[in-house]
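Labels run A, B, C and D following the written order; every chain starts at residue 1.
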Amino acid sequence: MSHIAKERKKLLARVNRIAGQVNALKRDVETAESDSECHRIMQQIASIRGAMNGLLLAFLDEHTREHIAHGKTVEERERAAEELIEALRSFRA
Amino acid sequence: MSHIAKERKKLLARVNRIAGQVNALKRDVETAESDSECHRIMQQIASIRGAMNGLLLAFLDEHTREHIAHGKTVEERERAAEELIEALRSFRA
Amino acid sequence: MSHIAKERKKLLARVNRIAGQVNALKRDVETAESDSECHRIMQQIASIRGAMNGLLLAFLDEHTREHIAHGKTVEERERAAEELIEALRSFRA
Amino acid sequence: MSHIAKERKKLLARVNRIAGQVNALKRDVETAESDSECHRIMQQIASIRGAMNGLLLAFLDEHTREHIAHGKTVEERERAAEELIEALRSFRA
């Protein structure tokens, strides 16, 4: 069983929380009238960005452990390594 | 009128697109059965994280221009500067 | 007097510390013989990257306060805002 | 032979270039007199930060391929995976 199946509940809770934050942001952007709301919207965006960053890093950890370190064949481990390396490009800036 | 009101349509389109990506991720996490889906979920998470990162940076740009550089009083500019500095902590790692 | 002049001592101490870390890394890369040294070199690189990240963010804070919020003319504040926005591209990934 | 030994020349060239940038920054911080030099110093800091970020990511790629995917025993791969995960914390923000 994959790490996604094993951790599905925890992962789903995390994604659901982020979905809730994105929906709250949407409502606030729709109704924001004055500059004073800018600060709050900026904080929400920063918070969702932080949550997505943390989710990606936690996912990379599990992928590294399960599919690279514990992949059954060297081919499987090589493929999983290239998938991780592709995802790490997210942090190239 | 604030930069949020001026750019509401563009900002909403961006947030809506991200909301759609988060919902697609949710469905995929709910149904993922095998390891082969891990790669796709990892790509989705990396893509949403990148979109949130880009949204935050675009928002900081507008905030800097409108509320810091063009704030009407020095007090307003100082407050907006501290709000930006608070948001920049997101990148401290 | 600019924030660089005011904070020169602190800023120089920070840059000197980073220069020392980079020189130590250089020596370790030159002499590393075995895989066991890989971990230590990776930690050094991560540590210097973190120090440079913190230095950039601290510098952006001072630039925002002094040149954007407290710039004397709107032209000066606009120019400083565009300089900040240019530097923020570093975090686009 | 480790990936550091194999790639020593390339890695050293990269570290030497960064050392040169840090020394140039040091000289500029030491002599900066006016605000106009702030922009240049900010660009140098952003550039070194970007170079260190790229170096870390390139190193993580090699570590992943050599020590995690191609580690000889599962214990070796597990240890290398935990080393990578530790380094990835650098991107947690």
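Remarks
Definition applied: a residue touches a chain if its C-beta (ideal position, glycine included) is under 8 Å from a C-beta of that chain, and two chains touch if they have at least 3 such contacts.
Please read all numbers here as calculations on a predicted model, not as lab measurements.
Comparing contact pairs by residue number, the interface of B-C is reproduced by A-D among C-D, B-D or A-D, since over half of the pairs coincide. More contacting C-beta pairs link the chains of A-D than the other of the two pairs A-C and A-D.
Rounded to whole angstrom, the centroid-to-centroid distance between subunit A and subunit C, based on C-alpha atoms, equals 27 Å.
We define each chain's centre as the mean of its Cα atoms; on that basis subunit A and subunit B are separated by 13 Å. Centre-to-centre separation of subunit A and subunit D, using mean CA positions: 24 Å.
In subunit C, 50, 53, 60, 90-93 are the positions where the chain touches two or more neighbouring chains simultaneously. Taken as a graph of touching chains, this assembly is fully connected, with contact between every pair of chains.
Within the complex, the subunit C residues that touch subunit A are 90-93.
Across the complex, subunit A meets subunit B through its residues 2-5, 8, 11-12, 15-16, 18-19, 22-23, 25-26, 29-30, 32-35, 37-39, 41-43, 45-46, 48-50, 52-53, 55-56, 59-60, 63, 66-67, 83, 86-87, 90. Those residues of subunit D that touch subunit A in the complex are listed here as 50, 53-54, 57, 60-61, 64-65, 68-71, 74, 77-78, 80-81, 84-85, 88-89, 91-93.
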